[in-house]
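The structure's right below; bear with me while I get my questions together.
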Amino acid sequence: MRIGFIGLGSMGKGMAANLLRAGHEVRVWNRSLPAVEQLVRQGATAAGDPGEAFDAEVLISMLADDAVTRAVLIDSGALASSKPGLIHLSMATLSVEFIEELAVLHESVGAQLIAAPVFGRNDLAEAGKLNIAVGGPATAIARVQPLLDVMGQKTWPMGEDPVNAAILKIATNMMLISAIEATGEAMALTQSYGVGNSDFVEFITNTLFAAPAYKVYGPKIAARETEGAGFTLRLGLKDVGLALKAGEPNHVSLPVASVLRDNLLDAVALGEGESDLAALGVRAIRRSGQE
Amino acid sequence: MRIGFIGLGSMGKGMAANLLRAGHEVRVWNRSLPAVEQLVRQGATAAGDPGEAFDAEVLISMLADDAVTRAVLIDSGALASSKPGLIHLSMATLSVEFIEELAVLHESVGAQLIAAPVFGRNDLAEAGKLNIAVGGPATAIARVQPLLDVMGQKTWPMGEDPVNAAILKIATNMMLISAIEATGEAMALTQSYGVGNSDFVEFITNTLFAAPAYKVYGPKIAARETEGAGFTLRLGLKDVGLALKAGEPNHVSLPVASVLRDNLLDAVALGEGESDLAALGVRAIRRSGQE
Amino acid sequence: MRIGFIGLGSMGKGMAANLLRAGHEVRVWNRSLPAVEQLVRQGATAAGDPGEAFDAEVLISMLADDAVTRAVLIDSGALASSKPGLIHLSMATLSVEFIEELAVLHESVGAQLIAAPVFGRNDLAEAGKLNIAVGGPATAIARVQPLLDVMGQKTWPMGEDPVNAAILKIATNMMLISAIEATGEAMALTQSYGVGNSDFVEFITNTLFAAPAYKVYGPKIAARETEGAGFTLRLGLKDVGLALKAGEPNHVSLPVASVLRDNLLDAVALGEGESDLAALGVRAIRRSGQE
Amino acid sequence: MRIGFIGLGSMGKGMAANLLRAGHEVRVWNRSLPAVEQLVRQGATAAGDPGEAFDAEVLISMLADDAVTRAVLIDSGALASSKPGLIHLSMATLSVEFIEELAVLHESVGAQLIAAPVFGRNDLAEAGKLNIAVGGPATAIARVQPLLDVMGQKTWPMGEDPVNAAILKIATNMMLISAIEATGEAMALTQSYGVGNSDFVEFITNTLFAAPAYKVYGPKIAARETEGAGFTLRLGLKDVGLALKAGEPNHVSLPVASVLRDNLLDAVALGEGESDLAALGVRAIRRSGQE
């Protein structure tokens, strides 16, 4: 398939490479060039501007957030001049509000929007083992299914509205961050009475909380491993903000998310924005005066 | 082994039955008689008062909370008149403060206290498949290990201090309740945008949150299944209270637990105390005006 | 002075009438006509559209929020076609972000923006007894000072940046709403032990909290007087949202405001949006199951 | 009147001195001697132990908290051996639970308990200008009214139950601490946009919040004046704890108090326990990275 791919960050790079490996024709665009060159060496062609990437059957975007996506896709004029029939597979974590705005813009140019946010970090992106939630028109999804199968281990259909997939991603990230805070609070408590952090993590991740969220972050919190972030506190703050904002029009209060937001704001204010999300749990321990 | 067993509630009954089945000599005491009679039919002997149950090599207690345990074990005079050398296996969820008080009392009569709180609901108690955290003197634990093996699928040693096991139980319950609240908040959000509750639960329990805590409570919240409680909101409030209280002397703040406490207090105030813990998640949905 | 006045709601009506009474020439515009007609009877002239009101030395705007102000002042084209030298006295409660946007737009057309949010309810607006915080260029403020003196009992200068006055208003409203919640929580507690609500209010408003915020809302909460709202829960939610939003770029966490937001969202979700702000305090009492 | 006075801390000293000045016969007891000697120089007699102070018409106690009061009044045996007819005027801030326990103990020895917690700092205690809430049997209150009039500027009757006065004190302190936090949050916000802290305090304490609570703490927060504490963070944490605890049996949730508790715990954990309560507001500013 002729694919345009915009956004070759740590996730996008692996995803695009898998599409190339599966034999697709991929034209890539990225703000900074080294990533483009790397993909070109793997068989991609380079788009001179975002608009060139839109000249495709399927455009995949994987940019940092609403603002960057807006700048690259909308403000550049690329979306406005896209050809009718284009399918846009939006795989980043974007706000519900922006997805709604995008859906309207796509309709006005005869393009189809699918929201297909991904779950997993770099290693899973490279291995083609992401989980992918997907929301959009059924026929369009059917057409891109082979691409989703290349990038992910499983596709989770959430309905015909792109917003459905977007909110699933937002809600799940909120749950992940709340799991990290809860683990940190629990560890602050058990440590203060002398339980070893690794005994604690060993226990919870083999019993009630034997799940990836805890298996990834539990040991990191226990080891105070907050560098080398795949998922930074700054991004976590952004995502909790997306959840709170999405709740507003529907009057959904999220008191645990409010606590997370306040803690993340404090962390970012004090210079921890680029630390790994595990640092949220470590803060829970340190604010009690424990090391 | 000659065992005294005090507290034949929904958990204790199954645990005592397993000890009988394994060939131990068990003398049981319970406030209400039907449970005693049931165990007697399974081969137990009935103790006329708590003190009689103390006339054993190992006394196991599995009572509702600090207050009941205090009444039955201390105020009755049973502990004070126990024989030197007795091992007391305390398997209920008790406060750190009370465990510390019990430890002193045991020392003064030459008995040994092991805290061995259990994880799992009635069905696992009956099946002998509980997880058991254990804190206490190593030699005493070694002696009761055969009993732990009969009641549980695995023993998790937390050190020589009974408090270590007690705080592990308290912290884990706090995490469980916070997982339920977070799941409810996430579902309130996704539902408000049209995602099906079962699609949501299916997704999270097969990806990031593929763990018992979520597999048990996710579907219950999705189905608004809040009756037939193994673990009630009232007990949840008690357990969150144990966590907050345990944090105080060590200056450990637990902001998520504070949110849980407030929500649970409101629920109990409005008459939901006997609902299943899943009702906490359901409240998160209902307070947004959704059914 | 030749004044354009846009926004004749419950506050604007009284403010415009005072300007007329002081001998100023006032051209008014309002979305619904009855208020216009009422002011015309008091000596105002009616503007056919917002742009006509801009044909003045000083334009005063007193609209509901960012969105309405944007629609009436910007989207209508009125601001873009204003004459150089115009002073715009913006007296509504607007977001920091929008004030910043407005300031840029004003500069581009050679107009001057003063933010002059007001403190006080309808009765004080009618009596010309408002407190007015003011931020903007000193020379412009000097020119409109006579108008501020007519509408207010006192002007509180906050500096040359309109944002300074805007954030003062937002922060003060946040404090007011938090005072109402705190009063409600305190009353829930004292009432639950049998203290009379009016004894409580009498005490606090004559001792530590002998201030307007408490003297206005304390008796209302005590009397469960939540109708006839000057300041509704919906507006309160909007204002707390302005505070939280303003904190974000500067990484200022506001944990009490987060609690207020969650409670206000719940109230609005359950249909209390048009109740008086006092209803927030009443909710604190009712959620404990007390009437 | 023949008065026993127990507890000559910073408050008690001034109160006892006023009673002496008014011509009463005062026998004082205090844990440390210098304060006793000071009062003796002013005309008091020294009690050799707490029990001697009980040999009086009215016993006044003004000790730090439940624990100290329990040690000095109960564990010493003083209360148990008091003579029938004694009136005990308990003026400290004590828990509801402990007041209830005291009431029962008093009844059993034929003494009468009045809770009469005081509002105001040292200077008001010395000047005899405290506000005094009072709960207890009407006839007993009538008898001690002359003493209350000497120590306070006004007595606020709350009913016949000592608990009524105790809970009023607890709830008011909770409100005070929440006012300090809210002021700090507001100042963090306004300062981050360039508003001067003293402009802010000047404004609020002359408009909506023109009350002692804000006039005392606003300027302190603005000036980062956190030393020389009359009321420390440690005491504030204790008092918020009294409020939360008092809410429990009546299922009264206090979400703002929960936020205060968490912040105060963090402050104490990090070594700020002996700072003035104003430090809570300063923390709200500093956690945003501002000085």
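Just so it is clear, A, B, C and D label the chains in written order, and each chain counts residues from 1 on its own.
We adopt the following convention: a residue touches a chain if its C-beta (ideal position, glycine included) is under 8 Å from a C-beta of that chain, and two chains touch if they have at least 3 such contacts.
For each chain, UniProt lists the protein as follows: A, B, C, D = NAD(P)-dependent oxidoreductase.
Predicted model only: the values in this text are computed from it and were never measured.
Asker: Starting at subunit A, find the fewest moves between touching chains needed to arrive at subunit C.
Answerer: The fewest steps needed to get from subunit A to subunit C is 1.
Asker: So using the touch definition from the top, which pair is joined by more C-beta contacts, A-D or C-D?
Answerer: Between A-D and C-D, the larger count of C-beta pairs in contact belongs to C-D.
Asker: Counting residue numbers used by both copies over all numbers at the interface, does the subunit A-subunit B contact come out same (over half shared) or different (under half)?
Answerer: Because over half of the interface numbers appear in both copies, subunit B and subunit A meet with the same residues.
Asker: From the centre of subunit A, which other chain's Cα mean sits the farthest off?
Answerer: If we average the C-alpha coordinates per chain, D ends up farthest from subunit A.
Asker: Report, in whole Å, the distance between the mean C-alpha point of subunit A and the mean C-alpha point of subunit D.
Answerer: Inter-chain centre distance comes to 52 Å.
Asker: Based only on mean CA positions, could you tell me how far subunit C sits from subunit D in angstrom?
Answerer: So the centroids are 37 Å from each other.
Asker: Taking each residue of subunit B in turn, which ones touch at least two of the other chains?
Answerer: Only 247, 251-255, 259, 262-263, 265-266, 269, 287-289 qualify.
Asker: Considering the complex alone, what residue numbers of subunit D touch subunit C?
Answerer: Touching subunit C from subunit D are residues 96, 119, 131, 133, 156-159, 161, 163-164, 167-168, 170-172, 174-176, 178-179, 181-183, 185-190, 192-196, 199-200, 202-204, 207-214, 243, 246-247, 250-257, 259, 263, 287-289.
Asker: Could you list, by residue number, the parts of subunit B that touch subunit D in their complex?
Answerer: Going through subunit B, the ones touching subunit D are 241, 247-248, 251-255, 258-259, 261-263, 265-266, 268-269.
Asker: List the residues on subunit D that touch subunit A in their complex, please.
Answerer: 265-266, 269-271, 287-289
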